[in-house]
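Letters A, B, C and D name the chains as they come in the text, with residue numbers starting at 1 for each one.
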Amino acid sequence: MISFPTQVDRKKRFHQAIAFWIARIISYSILLILFFILFFILKRGIGVINWEFLTAMPSDGMTKGGILPAIVGTLYLVLMSMVIAFPVGVLSGIYVNEYAKEGAIKQFVKMMTNNLAGVPSIVFGLFGMALFVNRLGFGASILAGSLTLALLALPLIIRTTEESLKAVDDTFRHASYALGAGKLRTIRKVVLPIAFPNIITGLILGIGRVSGETAPILFTVAAYFLPKLPHSVFDQAMALPYHLYVISTSGTNIQASRPIAYGTAVILILIVLGMNLLANFVRSHYSRKVKMK
Amino acid sequence: MRTKIETNNVHLHYGDFHALKGINMQIPERTVTALIGPSGCGKSSYLRLFNRMNDLIDGVRIDGKILIDNTDIYAIPQSEVDRLRRKVGMVFQKPNPFPKTIFENVAYGLRVNGLKDKKLIEGQVEKALRQAALWEEVKDKLKKSAFELSGGQQQRLCIARAMAIEPSILLMDEPASALDPISTGKIEELIYELKSNFTIIIVTHNMQQASRVSDYTGFFLLGELIEFDETKKIFRNPEKQQTENYITGRFG
Amino acid sequence: MLHVESEIQELKDRLIAMWDLVIKQLDKTQQALEGHDRDLALEIQATERRINAFELTIDRSCEDFIALLQPVASDLRFVLTALKINTNLERIGDIACGISEFISDHDTEFNREIIKHMEADRMLTLSIEMVKNLREAYLLENTAKARTVYKRDRMLDKINSVASFRAVDCLEKYPDQKRQTLHVLSMIRKIERIGDQAKNIAEEIIFYIEAKVIKHKRKEKDKEE
Amino acid sequence: MGRLVERSAEGLIKACGFASALIVLLIVFFLFKEGISFLNSSPVEDHYALFVHSGNPVTQLDEGQIKDLFDKKITNWNQLTNYEYPVVLLTAGDLERLFTPEQLGKNLEYLNACVAHYIDTVPGTLAYFSERQLGLSPAIRIVPVPNISLWKFLSGRQWFPTAQPAAIMGTLPLILGTLLVSLLAILIALPLGLAAAIYLAEIADPRMRNILKPVIELLSGIPSVVYGFFGLVVIVPFIQNLFGLPVGETALAGSFLLAIMALPTIITVSEDAIRTCPIAVKEASLALGASHWQTIFRVILPYASSGITAAAILGIGRAVGETMAVLMVTGNAALMPTSLTQPVRTIPATIAAELGEASFGGLHFKALFALGCLLFLITLVTNLLVERTTSKSRKS
């Protein structure tokens, strides 16, 4: 017979209590820090935001006025990059999950898209500058920036699509094939409708990500100060994240432009928050619908 | 024979679900008791009462008395649960070794319960591995990862792991359902050997297994204990029609 | 040892014990016949009850074995064989008891000449040899040994087939001992049945060991030998 | 007709799949085309060269020596070779001072003769002129400047890409700065993130988890420039005050900020890893009398170790590639990092800060692409490592 130390259970409980409290305290601290960041910025920035802030041109060396051109610029960039990235990304996702056979080609495409996801955004910026701005001669323009951002969003959309398609049970496909439908028809009529809510969620999160990216647009679109709205895709434009960067680090009067910086930061946070909420809404809305069926 | 485990009118609720309905059973010491019945009949839930594994699930309510060695295990303070679990070992459906070496797997129960003496631990590990009829197969690779063993060896390792802390009761929740026939045979042989030292309760879907290894058999249906008797009696001439239907495969 | 193996061994041990008991009964019957020992004959009849009880326990063990261990292949053949050998042995025991009843019924000693002439004593010796050989064969799992009973059985059959003619001889020769002669004839008929039972046992043993069904193929088999 | 549509639709899908894969190759191609051409090119501007007196025995001058010469840190040739003359610098800017316009001629046609004459009379002269302007004459010769080698690029301890006449492009301070900031960030974030992941996966009750998870998800989506802004207005002054530094933009500030930014990723990935531990394994531990904490520490964490490693590597990869936040708070001094309370400059921050100034196709421009290559390789390696660790865990 072995005998265990008499006090062992009490000791175990004591250690557990300490460990759990440490984990708890760390978790709450992290939460506190993150909330602190949000509230710090929101508190200082929310007061800045008013109609004028959103609709006026910047003035007085960007210490006064609004951020309209930055908002419009970001809107252009997001819309255009998504128009480019979404179809290509979804089709690529379909290719990877539905068409590519197991083997070298699929492995290659998967590996490449995986690597694409890990490439730092500044490298996209470099590439965008080399190819779109210089080689293709778009110059620093909305077109070049959108293309660069599209490349950045591509892996995100491919992956979401792939995973949404993977989540569709194979029985749906087999049932469709059994009814005589071809592959394309099956994908279009059966697989895609089921996977669509998740793909849309990916799109929305992609919008959130793209709207906040700075590094890729540094050299491909962004204008330091351009108090007019862009007329064509070959124009330079301001953008929200770049604007925040500029007025917080190298404006003419950094202290005087702080309120604008806070306001811009709040707008960026609100975009991300909004996109997250929207994504959650879409997800829960559709999942309820599917359940009801 | 001395009664090792006794349950008196035990009811178990998971939230609104009434999982066990008034179970009475007396299990003698150093015997093998098989719990059989269709899926969801409550046999696994019943087994997990004896080491208070159901405590981990939210919304569980337990009524009635469960006595092990004449102690009501649900009347003891929370701090005594670890001691109860040292007394009541458990083997699970699938082999579930820890991501450690073979040696450390078996030594785990000793270490977490405060033993530090290296010699003692080594001795216990060897003893447990021998009891589990695994020693000869693994004695040269105790430092290898437990995942390198075959499924059947892993399950015997799990049995050795449970035995290393010298429990007096072994609970086995379908211990061979994930194994091939050869490994299953080995596990069954092992159970047969072990009953001279342990009181064993085994949940199984496999009626042949129940008949082969057990001395007593309890048949559960929809949360009720339909019949509990000597295995010979149950498999030769059960009292209840439901039992007869189940073990002859005319269930449904 | 595997669980199932130890169960088999246990069952085997019991069957051998039964066998020994039956052989003892036969030996005693022979003694009682030779020495016209009526007490011994009564003892045989008393022991018969033990054999019957023995048969029941073995039966039950076989049932348990089938119900709890679900034997297949050689294990299944083993238990089926055990079940049948058990029955056959019990019958042999019955026969020994029946013979002993003839002995105990007679106040006077049997006429040696009649027994000699009708070869009843020889038959009994042969049949005891058969049962003993079978026990060996079973224990050693030796089919050649089991097959030796066929020869002896044919000898028994031969003696049995001429027994009625010889009985007529004896009836004429010893007219005052007609009852004795008839009893000896009955004994011979009974001993012949021991041979039949022994042959059945031999078939079971061969089936158990070689997994061959040789029942009802005796004719061809006999020719082969 | 229908078949044709179907064929072309399938063709389109396949084309898209390949296009996506090819983009990576395209990126690699462009990065490396620019980056590799940088190697083996001269650090001196095209068509320019350094001239010395033909009696000067100096065999070659590297970028560092050139900088020291022009910064007047080396004042006598004997510091480099056995040539006992003080160094006299001569560049186009000095011409007006030394010669009259008549001497030089209207279109500088006599420049050659003037300079040759000057060098001949002042043996210690080091002249920097365009090769077109200054032909060779017996009195002067060109000092060869070795081309930029990969080894020099990686191990050079100085980064002066715009130095004249020869750019100095040693990326060691940038590489070390990047690693320092990223590794320290993970060192801070990993234990905290792991503790939070353990809390979320094992300790917190579901209601708490349902609040925490979306918040963490939200925070991983906030743009890095916003974090950078926060770092600039909060962390930087905080560190400046805490250590009494002249400037708060330091490696430490960068690490803190990156740690905060890495937390959501680390928490999410680690929590997923912790959740992969089968319930049966957890129960087996509890059934042996182990406490919940013992089970977490001795069984669940080892089980999740490869996932947690993947989280750490992923975190490092992200931190290495992070641009804006780091750019805004680390001070961007391209010095060899010696302490945490010193400004450092990371590779992405260098690219972001300097690409705007570099002339297209120039040496500096190419050097930044070479840095991009370096960054790409680092992320490639981290990606492969993550893949390997996770696939290993899947096997077991």
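We adopt the following convention: a residue touches a chain if its C-beta (ideal position, glycine included) is under 8 Å from a C-beta of that chain, and two chains touch if they have at least 3 such contacts.
Quick caveat: nothing in here was measured; it's all calculated off a predicted structure.
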item	value
Touch-network distance, subunit B to subunit C, counted in steps	1
Most widely separated chain from subunit D, with each centre as the mean of CA atoms	C
Leading chain pair when contacts are tallied as C-beta pairs	A-D
Centroid distance [mean C-alpha coordinates] between subunit D and subunit A, Å	24
Whole-Å gap separating subunit A and subunit B, where each centre is the average of the chain's CA atoms	51
Subunit A and subunit C, separation of their C-alpha mean positions in angstrom	94
Whole-Å separation of chain centres (CA-atom averages), subunit C against subunit D	101
In subunit D, residues with contacts to at least two other chains	290-291, 294
Contacts with 2+ other chains: residues of subunit A	12-13
Per-residue overlap in subunit B, given as positions that touch at least 2 other chains	82-83, 86, 112-113, 165
Pairwise chain contacts under the document criterion	A-B, A-D, B-C, B-D
Contacting residues of subunit D [partner subunit A, same complex]	6, 9-10, 12-14, 16-27, 30-31, 34, 192-193, 195-196, 198-200, 203-204, 212, 214-219, 221-230, 232-234, 260, 263, 267, 290-294, 296-297, 317, 320-324, 327-328, 348, 351-352, 355-356, 360, 368-369, 372, 375-376, 379-380, 382-383, 387
Complex contacts: residues of subunit B adjacent to subunit D	51, 53, 56, 82-83, 85-86, 88-90, 92-94, 96-100, 108-109, 111-113, 145, 147, 158, 161-162, 165
List of subunit C residues in touch with subunit B within their complex	2-3, 63-64, 67-70
Footprint of subunit B on subunit A - complex, ascending	1-2, 4-5, 8-13
Footprint of subunit D on subunit A - complex, ascending	12-13, 15-16, 19-20, 22-24, 26-27, 29-31, 33-35, 37-38, 40-41, 87-89, 91-92, 94-96, 98-100, 108-109, 112-116, 118-127, 129-131, 134-135, 151, 154, 158, 182-184, 205, 208-209, 211-215, 218-219, 241-242, 244-245, 248-249, 258, 261, 265, 268-269, 272-273, 275-276, 280
